[in-house]
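Okay, so chain A shows up in both of these, paired with chain B first and chain C after.
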Partner chain A sequence: MNHPRRRLRLAALAAGIVVLAILPLNSTAYTNYQIALVATYAVAILGLNLVSGYAGQISLGQSAFFGLGGYCAAIATARAGWPLPASFLLACVLPAAVGLLVAIPAVRLRGHGLAIFTLALPLIGVALAKRFNGLTGGTEGRVAQIARAPAWTGLDTDQWTYYVVLAIAGALFLLARNMVTGRLGRALATIRENEVVAVSMGISARRYKGLAFSLAAGYGGAAGWLYVYTIGFVSPVEMEFLLSINLLAMMIVGGMGSVLGSLLGGVLYVYVPIVAGTVDPVRTTLLYGAILLLVLFTAPGGIARALRRTGDRLGDSRAGRGPGPPGPGAAPRAEPAASPLPRT
Partner chain B sequence: MEGAAVRAVQQIVDGLATGSIYGALALALVLAHRATGVVNFAQGQMAVVSTFVAWSLTRGGLGVIVAVAGAIAFSLVFGAAVERLVMRRFERETPLIAVVATVGLLLLLNGLSSLIWGYDLKAFPPVFSGGTLRAGGAAVSVTALGTFLVLVAVVLVLYVLMMRTRLGLALRAVADNPDSSALSGLPVGNLLMVGWGLAAGLGAIAGCLVAPKLYLDPNMLAGVLVYALAAAVLGGFDSPLGAVVAAWIIGVSENLAATYIDLIGNDLRISVPLLLTVLVLLLRPQGLFGRREVVRV
Partner chain C sequence: MRQRNRPTRACERRERSKFLVLVTVTAVIGLALAGCGRDEGGTQATPGITDTAIKIGISVPLSGPVSDAGTAQLGGAKAYYEAINAAGGVKMRDGKTRKIELTSYDDGYEPGRSVQNFRRLVQQDGALAVVGGLGTAQNAAVVPVAKELGVPQVFVASGASLFSAKPTDNPWTIGWQPTYEAEGEALAEAAVALNRPVTVAVIRQNDDLGNAFLNGFNKGIEGSQVKVAGTIQTYEAADTTVDSQITNLAATRAEVLLSAVAVVRLQISALTKARELGWKPVVLLPGFTQGFSTVLKPSGADTYFDQIYSTGFVKIPSDPQWSSDPAVVEFTSRMKQYSPQANANLPNAVWGYATAATFVRALETMNGLTRQDLMNAVRALKADDIPMLLPGLGVDASAAGKSPVNATRLFKFADGRYSQVQPS
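So, the complex of A and B:
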């Protein structure tokens, strides 16, 4: 990454943060909740990206962890009276633990074992949520209005919710970015490109896949907590299979193996139905599917990579070098797969 | 005691019948996987479209058997078209992209069938008569027996097609090694279309067999797909016979678990195939009938 570009990026990031900080003070409650939902789903998609984009394993079960995190939030606060931070911790740790438990047998499967396995999770999750209706409220779900703005802030609930959700989501994004640019990211990239090479370098493919899946589940759970914090409600609908594949679709459209792509995925997930002028779930599913196939046909790297490639081309032509090779834009990771890797 | 034994026998027969439905869809998954190496997550959704076509034909005044035959014919073309128009583009890509494309297809077809046929539950006319056969105290419904026999017939037809015809030989050659097949002058692209067409035809059979029981709606086969995938994994994913046997095992054990284990009951029966698969794969990662994979660098 050259320095002017980096400075430009930092400036854009700073400007973005300032805009996001001022925005809720002047916008409607509806807009604030929409943006909080964007951040919520972006976190869920980011988790999915860790296991699918970075580790190359398709997961169709993210909604199960999303729902589990949501139930953790609702039950721990509204029923058991836990303080909010404790419920957030539970909403991260419990799904991560369940994810690890599922991953242990799933990573032993060749090919898309994890995908097949995870497909069953939302269905089992929904069945469990309906079965233990004393705890979960059954089909009707559970109400948990846990967001309340402290009096000293002078903020309305929607504004407070917005800040809390965006701050947590921002922290989770930063954490994920640091993880994928570090040792974990390099190990996962090697496993994705060539598992045999990875194993021969002493990277335990199973262990790292399991770790990535567990992290993804934890992020899913955190997103579920954010959802309950924003909406104040959770029901088996939040676990359904369709949510999983819609999230997967928007992750691919945003950009596999890209932190920015996860954010774009969240934006698309929330705004596609709105922009389409319909909240009819039927049309929305159709639209998600059509957009996904369109992106796969035209730009398989997703929007994030297409943007970056355009940016590279612009930067190169401004520097008088003409359109450069597709190399830097096409490679989703910073290091080549064969770079020296730390032993695990 | 007599009653308990009869009840157990009936549970097993019912399990074999539902297992046969899972088996038909599992066979479809295995066929598509053998043809193009892709786990087709849209297989169930394609089968739903086929079933809707059959439903429309019955509404048009056709008898149910004729309608099902029409739907199978439609599916052969439909499956081939999906392979040619969508999947062909992704065959040279990484498997991940190809699988995601099937997920896109799932969403698209789900939305399309809701748009065309709506998402209210529709009654699908029964394929078999509603009577029961009695043998030694146990009553077996004609539907259960018929479903089971249909799958046995399908397996036999597939076996003859694959092992006794030139087309089957060509299909097996392409599944084994597409590059060498192309060099031997086989029309690889057309054969892949045939493979996907056959898979969609099998899906149509599965959909029409289960529709009278589940009622028809766009999400009808989401649960069945889980069972079918579990059966395909359990059977080793490349073995048609393995998939069918695994589907029967799943169908029977699910029924017995739902009846005799209170903790599972009717609402948690979907966890049975998953637990079963975990158990088997911890002991035999290649599945019951799969060949052990050797990785070469």
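So, the complex of A and C:
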């Protein structure tokens, strides 16, 4: 975390942004939508990471918020004719409010109890989405082509979608990064490690856990909105429990308690099935599982942590120094990644 | 970052130059990329079609809970196309014979992935059309994309009416198999044929699928002596049991039970409960949950109920009735040769196969080689010799608003198998 390293990282970030900004002008529409989807799922995983990775509260309900955000986008924009920013706000606020409501009883539970409690959310969500079929379109889902490139941009819809989704996702990532490196991150890390200690230090465990829950739900809702913006469709399938499990798995493989890990999780969620499918379309699931296991065996703390370690080692050997004491700013971010599973 | 280690001046300079190099390289690559401009794929007159080949795509679940059905659907289609290719290819009206290249992707039964697969097949692989994808929500999500891109999404494997219902709104989409309404209507025949005043107890899935069944059934009993009993029971696909619903229905002592349950384990639960309660109605089952070994035997329904009816529109390969039928013999041998990994006994294999045959028929009647020509051929298609369809059933895609295979037949269960009820 010394000065040149930081500058190098900034340079890498700038390079990344330049590449991402130019990429959609040359790639196929398919690739653009795919990268937009990566960003979408990364936001959902980031939200899950806030509550599960940073605060150590296992949530199996992220897909319910994802779906809720998606329905907000589809119904508010495509049906009620709201402007896009308003429906985006709704897609963040409504799931966050529901998340807060859920958090009131949920913060009293721990470990398995909490997991089971959150498991109920997708189950209820799917049933509700099917029941209110006048609003949601039932099992057939609701088509909502809400992305349109304004004429002045001269862009195609896929390029416009790409920029909008990546800009929103980027802003949400920046926001989350600032939150977890600050007071909130430290408070959540303390709660995760030892709730009693946290309370004795004057950190209200319930309030912070509730906040983490609500933030996670809000991020899930935002991701759902981005999904509908990209795919143009939402159905009860998007709420299903299986998505929650997949998001959780990707979060663990990408890196718990790591912002970068959330991004990697999104990349894996979209690209691993595609890679597995090109090897053998009939054995996609098997390969998918094998790849996940392989990652977990070789990098038990997640890919983000393995990358950081490799980076540290390389940086140290190049600079000809031993591993120095980590800077104080790095502590809250590096620590969560140190525990492969939350201690609850 | 309140405290920083002070790096040496040399180190700082080295890092700064590294930074500059990185920025320069990025800028150069960026400019080079921007200069390329993107290929809009407009070089070829008709994407997906050459003098010797036709490229088409399919998106089915090859992983996840319905991977069996998806694998069978794909296997059936593949078997038909491969057999056509082995015989030379498709003879088209421009005098050329073309082979079919089928590209398939797994969607895991997720609508988001089917949309991605559709784009990939069209925008990346340059497919002429996407044919015979499986699933209602999965294909409903694709409908607007097909319209936006102007690419045929034809012969969708779903019983939902939406795919064929609005050809003017969705000009690039068409379904294939009979709708759930048609199935409900066929089941009504069994109740009407009792030819006396009867009441029907109904349990249906609490969504549009269940609704479609009931609507079709109501249409079928119109003007007859059949009445639907007071309260219609519903269930959710995620329910673990339907015991209480069946108990309520049994209390009505209705003569007929329309058990429009689309989930195998719940159908077992429903029939088992009715048997335990000593209720013995005439049972009407949807095609999803009619299986002898999957539903009737485990629930003990095969020996308990006197009359069980269901529907069907294709020949079941394992049915001894068809053991010497030339189409079935050909199907079985082609499945063994080209798609040994797919379960040929699942209805999806037969659907995939017959769908492929329908599509080849459309290719043969194309006037011209564009996607619009293909849609024109599809919408004018009439064929009564599609392999594996039941005798008397054919494809008629010209009737606006109806699915191409727009009738289904009533089957009665007896002695361990279903046989077609001959229309009176």
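Note that in this section the second predicted complex is superposed on the first by the 298 of 344 C-alpha atoms of A that agree within 3 Å, B and C clash if a C-alpha of one lies under 4 Å from a C-alpha of the other, contacts with A are read in each partner's own complex, and residues count from 1 in each chain.
Please note the rule applied: a residue touches a chain if its C-beta (ideal position, glycine included) is under 8 Å from a C-beta of that chain, and two chains touch if they have at least 3 such contacts.
Since we're looking at a predicted model, the values are computed, not measured.
Peer 1: Is A:29 touching anything from chain B or chain C once the two structures are fitted on A? First, second, both or neither.
Peer 2: second
Peer 1: Using the superposition on chain A described above, determine whether A:105 touches chain B (first), chain C (second), both, or neither.
Peer 2: Only chain B; A:105 stays clear of chain C.
Peer 1: Determine, under the contact definition given at the top, whether A:232 touches first (chain B), second (chain C), both, or neither.
Peer 2: The answer is second: A:232 touches chain C but not chain B.
Peer 1: Return first, second, both or neither, reflecting whether A:127 touches chain B, chain C, both chains, or no partner chain.
Peer 2: After superposing on A, A:127 lies in contact with both chain B and chain C.
Peer 1: Just to be sure I read the superposition right, which of the two partners does A:196 touch: chain B = first, chain C = second, or both, or neither?
Peer 2: In the superposition, A:196 contacts chain B only.
Peer 1: Once chain A of both complexes is superposed, is A:181 in touch with chain B (first), chain C (second), both, or neither?
Peer 2: Neither: A:181 stays clear of chain B and chain C.
Peer 1: Touch check for A:204: first (chain B), second (chain C), both, or neither?
Peer 2: It touches nothing on chain B or chain C.
Peer 1: Compare chain B and chain C by how many residues of chain A each one touches, and report the one with more.
Peer 2: More residues of chain A are touched by C.
Peer 1: So, A:11: does it touch chain B (first), chain C (second), both, or neither?
Peer 2: second
Peer 1: So which positions on chain A get touched by both chain B and chain C?
Peer 2: 123, 127, 130-131, 242, 282, 284-285, 288
Peer 1: In their shared complex, at which residues does chain A touch chain B?
Peer 2: Listed in rising order, the residues are 52, 56, 58, 60, 105, 108-113, 115-117, 119-120, 123-124, 127-128, 130-131, 195-197, 200, 241-242, 245-246, 248-249, 252, 282-290, 292-293, 296-297, 300.
Peer 1: Provide the residue numbers of chain A that touch chain C in the complex, in ascending order.
Peer 2: Residues 1-4, 6-8, 11-12, 14-15, 18-19, 21-23, 25-31, 33-34, 37, 123, 126-127, 130-131, 133, 138-141, 143, 145, 157, 227, 231-233, 235-238, 242, 273, 277, 281-282, 284-285, 288, 319, 324, 327-329 of chain A touch chain C in their complex.
Peer 1: Please give the residue numbers of chain C that touch chain A in the complex, ascending.
Peer 2: 1-7, 11-12, 14-16, 18-19, 22-23, 25-27, 29-30, 33-34, 36-38, 41, 62-64, 67, 71, 104-106, 108-113, 115-116, 119-120, 122-124, 136-138, 140-141, 143-145, 148, 160, 162, 206-209, 236-238, 341
Peer 1: Spell out the part of chain B that touches chain A in their complex, as residue ranges.
Peer 2: Touching chain A: residues 39, 41, 86, 89-90, 93-97, 99-101, 103-112, 114-115, 119, 219, 222-223, 225-226, 229-230, 232-233, 237, 265, 267-268, 270-271, 273-274, 277-278, 281-282, 285-286, 293, 295, 297 of chain B.
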